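Quick notes on the structure that follows.
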Amino acid sequence: MPNAWQKPFSRKEFLGPVALRAYAAEFSGMFFFLWVTIGVVCSGYSALQKSYKITSGADIYDANDYAPSVSWVLTVALAFGMSIMVLVYSVAHISGGHLNPAVTMAMIVFGEINIFRGLIYIVVQTLGATVGVTMVDALWPESTTNSLNFGLNGINSELSIAQAFFMEFFGTALVVFVIFGTAVDPRGSEFAHHNAPLAIGFAVFLAHIVLIPMTGCGINPARSFASAAVSGVWTDQWLYWVAPLLGGSFGAAFNYFPFQFRNNPDNKHGI
Amino acid sequence: MPNAWQKPFSRKEFLGPVALRAYAAEFSGMFFFLWVTIGVVCSGYSALQKSYKITSGADIYDANDYAPSVSWVLTVALAFGMSIMVLVYSVAHISGGHLNPAVTMAMIVFGEINIFRGLIYIVVQTLGATVGVTMVDALWPESTTNSLNFGLNGINSELSIAQAFFMEFFGTALVVFVIFGTAVDPRGSEFAHHNAPLAIGFAVFLAHIVLIPMTGCGINPARSFASAAVSGVWTDQWLYWVAPLLGGSFGAAFNYFPFQFRNNPDNKHGI
Amino acid sequence: MPNAWQKPFSRKEFLGPVALRAYAAEFSGMFFFLWVTIGVVCSGYSALQKSYKITSGADIYDANDYAPSVSWVLTVALAFGMSIMVLVYSVAHISGGHLNPAVTMAMIVFGEINIFRGLIYIVVQTLGATVGVTMVDALWPESTTNSLNFGLNGINSELSIAQAFFMEFFGTALVVFVIFGTAVDPRGSEFAHHNAPLAIGFAVFLAHIVLIPMTGCGINPARSFASAAVSGVWTDQWLYWVAPLLGGSFGAAFNYFPFQFRNNPDNKHGI
Amino acid sequence: MPNAWQKPFSRKEFLGPVALRAYAAEFSGMFFFLWVTIGVVCSGYSALQKSYKITSGADIYDANDYAPSVSWVLTVALAFGMSIMVLVYSVAHISGGHLNPAVTMAMIVFGEINIFRGLIYIVVQTLGATVGVTMVDALWPESTTNSLNFGLNGINSELSIAQAFFMEFFGTALVVFVIFGTAVDPRGSEFAHHNAPLAIGFAVFLAHIVLIPMTGCGINPARSFASAAVSGVWTDQWLYWVAPLLGGSFGAAFNYFPFQFRNNPDNKHGI
């Protein structure tokens, strides 16, 4: 079993100054993450409307007519992936740079973070994300934010709930598999010291180009919650929590058990 | 208070050979930055006209008809972000690679640079930027430069002035938050030693994909000034100075106070 | 001759715990690689249909009408390239991160891996890839997977078999040339220590933007096999094995003989 | 004056085994560079024709009707930039990874390479490039290669010769400025040790997004020569030699004199 599970309870680990700074880092990171990504969704929609109007003469204010063209998917996926890359570089030395409750959950399960500290991370991430989307609400024109419900996640009508569930599950598993391979594995982190945030950012990018046309791509419950909270639409919200939380821990296990557990000479868990 | 504010006045810090080379670096960097980015804006417009003419038979020389399609926004954002990345790699060891008065202002406020040297940076950056755009004026066909006013920043008609102001404010805050997290924080810079310019470049890219359809994306007063000076259009120029200068320092404070001030064992300011 | 060819037979090298973990890493890597890339092919097709329907009113369910637009090629190529980058960062320290039978074959030929271990790699890679595509079959709507045959490789009708063969040959040669220059060459790997996966990922990206409109881009027999196995279409399958296996070893030779063999003072093969 | 100019003549420096391997590296690098980039130009054209035919019913085989859409420019620019990145990572430790006569010329002028060795580099680069384009001729369908003249450079009809000349001049200057700032400057190379090829690759990308719609983007005489030699069209070929060769050395001077000459404590030229 991971060491952290055997350690005695320590208040300092989740209330000391180091922990408080970590909460601040997760909050700031999530604020900027949501502000920039949901902003890109709304700005891109505005650009799309404008160019569509010029070529066809018609408006496309109805969200159902909103065509997620391939270059749009690419742009939005780059926004999500590169903002994670950039923000993990910025706060990884303060909080570990989780910026995602599904990542924090996997870290709790595998003893990489104190469980109480981890739960506070999740609360703070959700709060930061919601403030970020609220700022988009305040700054962007209503025509764009109303039509898209602040980048609300939604399931493609051709999918069953089970299919959507496992898409979110494996998308999150991919991201956490990469995090455990590059940033958590002590040998991995040595090999990929400077570049873990780069690999993680592109893993998030990949999850988005594969999932945006299918589930809108959640893989991050705090991000899904924030869009739902500000738009007031809670359809399938449970799925965007359960699937990533389970999928993230599955991805971690998929990396931890074969590659780090027991066989690893540098195993920091000492088992 | 940062150390630099308490130090005695030293001429050498802003007139010695090291300082003079730094001014040259900021000038060259800004020259290439504006030449290549405003060049991309004008070249992309030319490509757009040509392909539009073939598919529709009509010309689109009127700038109001100029549709900022999603792939156009992506391309221009990559031009701005990757040129900052490339030029920061090239001159960071000479001048720190600010290449933006809003960055220099934040460095002055947090004592990372001598105030007189910083003010000369800002003058020199603005000069280099203007020479860069002047070179675009000399080399590009008039049809492209006239229509787009050399990439002049302008506020989307759906936005209030306050909304545009805070978009520029937070866009600059994001970039400077990343700079302070990766290049200024002594622990951050150790963690992200080789990759700070990569993270900073992608932060600039993010600011551009989110802001281009809304404010044209300034976040750099020298860049906004240069387009205005060469095109002779000064509408809302004040906003493209005040918002980035305040937003940059806000982003720095958002990183400095929680993560570097006092709590940092390696704090180089010794307070 | 490479050292590995002269070594006595050792069971441990392909049956010990280190070898078993390496097989698991190649399996997991290939699973995620195919899941995400073939997923992107199917999701992108769905996005394309939707946006095409809105602008033209017509459906494009017939795969023959499926137009591989430039931004589609770019997106799919980024999916293939960046997933290799991300997964090589994640498993390189476990298995070497081959993730391609053509790479493993070149490693066998140049003595970088035990031949029995290498052959098991190839089997395991093919298995992981097939499970990945099977998961796409389970999760994606039939309209997308049926039309595209799970990203099945196919030869452009304007090409002769020989032309397609040498396209696959040189595309794989490029990727393996880069692998041998950055990750195998002992001096190269020192120079490019942290960045070999980045260079390799972009080499895969390049092979895809150049080959997708011509051969669909195989350059990886396990990936080609997986699409064929799940779709049941085996046309030209031999080509997608023979050309990459020969091309990969050619690319390795093109790097090994001039740059590493004999002339290299640090030559780890000691010849 | 740079040291290399004062050294006695040494045959070994351009005929010894180290030099011979360097020639082989420049040849291989240029072969792959041209094969993949001109291949992308031709493959992209094929994709464009196919998608245009589906939406409009008409063919666009006439090269004059070939619309360089924004996403096409982006894709081609990424092909050129990322292939330089990937190949510089692969051969920099063998030959320095010039892969461009304009770079080699700047290295000769600033004493970074023996003049005779440098001149052989230029011959070998041009040869490798021409073999690469010849291979595209052999493998790609005639419809694509004939229409585009193998990516032949050409001047936009709206430009004067002088404008085209200085566009090529400054585009090359930007690339060589970055090379001198990251890979040549002894302090720069320490700072940017692992990432110089990344910065250089993106500088090449930038030159291409800015110049493709204007001059087709040469900035590399060997690349321009190869397209001309295989297509047999030599219009304005002189410009694609003179402007890059002068511009490259200008970019080097723009970096060398202010930042490396005399003021540099680690100056390896000892002057």
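We just call them A, B, C and D in the order they show up, numbering each chain from 1.
Just so it is clear, contacts are C-beta pairs under 8 Å (C-beta built on N, C-alpha and C of every residue); 3 or more make two chains touch, one makes a residue touch a chain.
This is a predicted model, so every value here is computed, not measured.
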item	value
Relative orientation of copies subunit A and subunit B, as a Cα rotation angle in degrees, nearest 5	90
Numbering shared by both copies at the subunit C-subunit A contact, with half separating same from different	different
Farthest chain relative to subunit A (centres taken as mean CA coordinates)	D
Approximate Å spacing (C-alpha centroids) for the pair subunit B, subunit D	28
Centroid spacing, where centroids are CA-atom means, of subunit B and subunit C in whole angstrom	39
Subunit B, residues touching no fewer than two other chains	69, 71, 74, 194-195, 198
Chains that touch, pairwise	A-B, A-C, B-D, C-D
Touching residues on subunit D, where the partner in the complex is subunit B	56, 60, 65, 67-71, 73-74, 156, 158-159, 163, 166-167, 170, 173-174, 177-178, 180-182, 185, 187-188, 191-196, 198-199, 202-203, 205-207, 209-214, 254-255, 258-259, 263
Subunit C residues touching subunit A - in the complex, by the definition given at the top	17-18, 21, 24-25, 28, 32, 35-36, 39-40, 43-44, 46-48, 50-51, 54-55, 69, 71-72, 74-75, 78-79, 82-83, 85-87, 89-94, 135, 138-141, 143, 194-195, 197-198
